[in-house]
Amino acid sequence: MKITPIIGLEVHVELKTKSKMFCGCDAQHFHVDPNTHTCPVCLGLPGALPVPNIKACQWCIKLGLALGCTPNLISFFERKNYFYPDLAKGYQLTQLEKPFVVNGKITIDGQEIRINRAHMEEDTGKSIHITESGKDLTLIDYNRCGVPLVEIVSEPDITSPQMAKNYLLKIQQIVRYLGISDADIEKGSMRCEPTVNLKIEEDSKEFFTPLAEIKNVASLTGVLNALNFEIDRQTKEFKQTREIKSKTNKTTRGWDAVKNQTFLQREKEGSSDYRYFPEPDIPHITFTESEIEEIRETLPELPDSKILKYTNEYGLLDYPSKVISEYRDFAELFEHIVGDRKEKPFCTFVANILLGPFKTVLDLGGTLDTDKIIKINFSELFDAVESGKVSIGVARDTVSELYKSNNQITSAFEYIKSKGLIQNSDSNEIEKIAQEVVDQNPKAVADYKKNPMSIGFLIGQLMKASGGSANPSLAKEILEKLLR
Amino acid sequence: MDFTKLTINQLRQGLVDKKFTATNIVEFFLDRIKTIDPQIKAFITITDKIALNQAKIIDEKIKNGKEIGKLAGSIMAVKDIFLTKDIETTASSQVLKGYIPKYSSTVYQKLIDQDAICIGKTNTDPFAFGGSTENSGYFTTKNPYDLTRIPGGSSGGSAAALAAGLCTFALGTDTGGSIRLPASLCGVSGLKPTYGLNSRFGITAMASSFDCPGVFTNFVQDLAILTNITAGLDLHDATSSANPIPDYQSLLNKVDLKGLKIGLPKEYFTDDINPEVKDSVMTAAKVFEKRGAKLIEVSLPSTDLGIAVYYILVPSEISANMARYEGIRFGQSITDSTDIISYYMATRGAFMEPEVKRRIMIGTYALSSGYYDAYYTKAAKVRTLIKKEFTDVLSQVDVILAPVSSTTAWKIGEKASDPLKMYLVDAYTVCVNVAGIPSVALPCGFDSKDLPIGFQLIGNFFEESKILSIAHQYQQSTDYHLQKPKL
Amino acid sequence: MSATKINKNDLDHIAKLARIDLTESEKETFLPQLESVIEYFDVLNKVNTDGVEPTFRVNEQSNVLRQDEVKESLSVEDALSGASRTKDNYFVVTRTIKNGE
């Protein structure tokens, strides 16, 4: 039995526009007092009418272009009708027949994943469930109701949970590169719903298991675990029931991260008939070819292009290329520092310095004061290291120190000099000191003769005798020569 | 002084000339309302304190030589589906009993900004669903000409209030005839403008692609003045027109009746119409003919499809527009429910009037899976045909003249038990809404029971100035608009 | 559901979709009324609409869009003012999900 997972992903990205999708309320809703960013429109009060946010529409197109999609020059909104308290109007404004963009693709792990569409819709409010005086109640905050969401729907081209995770990371990265969303899965500004079934090949016959849509996966780990669980569950179920996919047996399952399993959700009765129809309150939206080009011109260089550039033109290896291009600001910082000096040694040097504490700051969610970093003369510092005047360790520490300090020093080299950390790479001088060390430490010399790995002690003595300024690798070389 | 006979300009001029005060005017109308309204029940809410307060403010402005608005001295009755800030707005439904909105309809606000004084909220069919006010969750309004008959609807309260001399002008909405029908059955003038001319913001939405806020007045000139104030782009309504607004008042005499081509659509003059109505409307047509206009028979073959198109598309949009009425953020609700679905069903079931439920269900059905193409899409395609027929005919004639209703006011209860019968009263008005074009209804006579008869002048998109000019000249040759019921 | 007639099950289904409780007597009244209205719609079946584009919006505007600017919201008091049940500035409704879901 050969089992191939077939996974499609539906991703919702919350755009960080200033105002909501259909009204001028402040779109911020995280840690905001309940129901303070609401108005008749997003509260669905009588007589209120929606007016679309132009920036949100443009950002949807921008995202579509970054994903290789084709824009629909004419598109419109539709009403998706269902009843739920966090949906103020009793219908969600979304797009069905004519979304803003269609037919894109991105490459994940060497595989092309097709993107069916990306469209605009509005978010719902938030619910909090409480029990008060024995009564079960739900509290609703509509601050989030009406915030713009882009929904990206992939074709079921993903073939493993790991690939699904990588797809999500790529979408997250692209969205952040474009600066249109924080795409923070924990905070909910990026959400995903996988749909999965299996292709089972047995005795040269092919079977497809029923589709399962998984809701409530609130993290990347959750996606991995939920998909792994489902693949397992569907395999077992097929072995038992031999049930195959049909038009009517798609299920919706919730992911329970505590119990580590999916469970069948009670079908929200009647929720499947959304009675879509074109939104009469909003005229259709058109973009001209030249407006699309204007938006295309605002696209930054995307991560995959940067990786190619770093490996081909800057001489970096794959791994550092990937890591540097992870965040756009960081990549641009790197490129700014490199400037025109696109030589492999210099680029590698800059990459080495930046990857480390600086990258870690970003990984932990902090920000870098890039102005401070670009003030430091990396070129000069690199030359000093190449000529042996400064060790790479001192170079790295110095950049960190200068970044943390408040003074305006721009020449790292001058700073190092002022601290007396210039490395002594004068072979003659080191030979002199080496001779002294050998003379003063006969026992260590004897140990070394027995075990060459113990040279560390002698190197240490030499470093001490030189006041720490000897070039350590030169010191080792000279000692070894001396003791031959 | 009988303020019911004065035009908007005369009322304002009277204030400027210090012949009377705004307070005089308000007190006059409040007195009339006190005596007459209990008989006709046009009002759901009478805003006497607010009106007197507003009058006081206007009188102060005059005393201090400050500028007063174009509508100072005019008393306005407002259909209760227009949201009015801090004034109860019920939409004549139990769903919104006690609802006090914190914002106002754009059209209402524009009129208030010109110093119109709101004297009360008028009765309507609930959420404007109906043609007689009999569906109202509160009471039925009576026709001032015969208290055993309906005033028409849905803006029946507004038309009746004006006809009974309880205000200077009144606000209404026309989605399928709800201004023109009550105007004609009550003997007053009413304008349904082009869709998008007046903002829909702040009016309970019935059918988003049909609803047209408009006004009732005694004089066409007043229709022009009011439309100049209410019309125009509203940033809160994406369907409101960005076209520049002509000065309707200054264009009232512009159209030359000599040689004017008036189309009489044969489908509107069949034997289905009461002969007295037909005669009266033809007499109106002849008034124009005597002044040099040419009466030309035209054809609008899709006329009899209008009701089906209307009653598929409108309830479909209604079913979605009414989904927000579930008692969570506003409106009455049932508080003891075991689960959320029961909550919704019980709340909406308890407070929605039967016609409201019916229309939501018709719309839900027409949009539901398996029926969408057969009903909704089909109706939308026929809509295109109807619209095209009008624009084609209106490229050959200057204006279309037609009856508004096949009968005069019918007895209370006569059609109420048969929804389809009630829907069919819209037969001569709905196609205009399906197309989105403007139409003005004017009184043109009375039948043998002294019940008013009206007719309509239909123009092409944004031709309000043309139809108002033709209407104005009609009123200069006739005096039906000056006649009032004996109350 | 049959195309030209609706039965009591259809009525129940629609009422549920529309979230409206109907009493038995309402169901008895509504069913024939809705039936006659829906049958009336058949008049459209005779119309040839091949090649005709549907009209969903009557005015031919496009691109009525708003700049991304923050405008004033309702005060929280005004936002909640219409609700019959509120708590700590939240709207309150019957519990939407059961415990354990």
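Letters A, B and C mark the chains in the order given here, with residues in each chain numbered from 1 onward.
One rule holds for everything that comes next: contacts are C-beta pairs under 8 Å (C-beta built on N, C-alpha and C of every residue); 3 or more make two chains touch, one makes a residue touch a chain.
Quick caveat: nothing in here was measured; it's all calculated off a predicted structure.
Pairwise, the chains sharing the most contacting C-beta pairs are B-C. Among the chains, the centre nearest to the mean of all shown protein C-alpha atoms is found for C. Averaged Cα coordinates give chain B a centre that lies 24 Å from the centre of chain C. For the pair chain A and chain C, the distance between C-alpha centroids works out to 40 Å. Centre-to-centre, using mean CA coordinates, chain A is 57 Å away from chain B.
Annotation for chain A: residues 40, 43, 45, 51-52, 83-85, 138, 140, 142, 269, 273, 275, 277, 280, 282-283 touch two or more other chains. Residue positions 16-17, 19, 56-57, 59, 61, 64, 66, 74, 82, 91, 93-96, 98 of chain C each touch two or more of the other chains. Looking at chain B, one finds that residues 99, 101, 103, 209, 235, 238-239, 319, 323, 326, 328-330, 340-341, 344, 364, 368 touch two or more other chains. By the touch criterion stated above, chain C contacts chain A in their complex at residues 13, 16-17, 19, 56-57, 59, 61-74, 76, 79-80, 82, 87-99, 101. Residues of chain A that touch chain C in their complex: 17-19, 23-27, 33-40, 43, 45, 51-57, 83-85, 127-129, 132, 136-142, 254, 265-266, 269-270, 273, 275, 277-278, 280, 282-286. Residue ranges on chain B touching chain A, taken from their complex, read 83, 89, 91, 96, 99, 101, 103, 105, 200-205, 207-209, 235-239, 316-317, 319-320, 322-324, 326, 328-330, 340-341, 344, 364, 367-369, 372, 376. Chain contact summary for the complex, chain C toward chain B: residues 1, 3, 6, 10-11, 14-23, 26, 29-30, 33-34, 36-38, 40-41, 43-45, 47, 49, 52-59, 61, 64, 66, 74, 78, 81-85, 91, 93-96, 98. The touching residues of chain A, when paired with chain B in their complex, are 40, 43-52, 79, 81, 83-85, 88-91, 138, 140, 142, 269, 273, 275, 277, 280-283.
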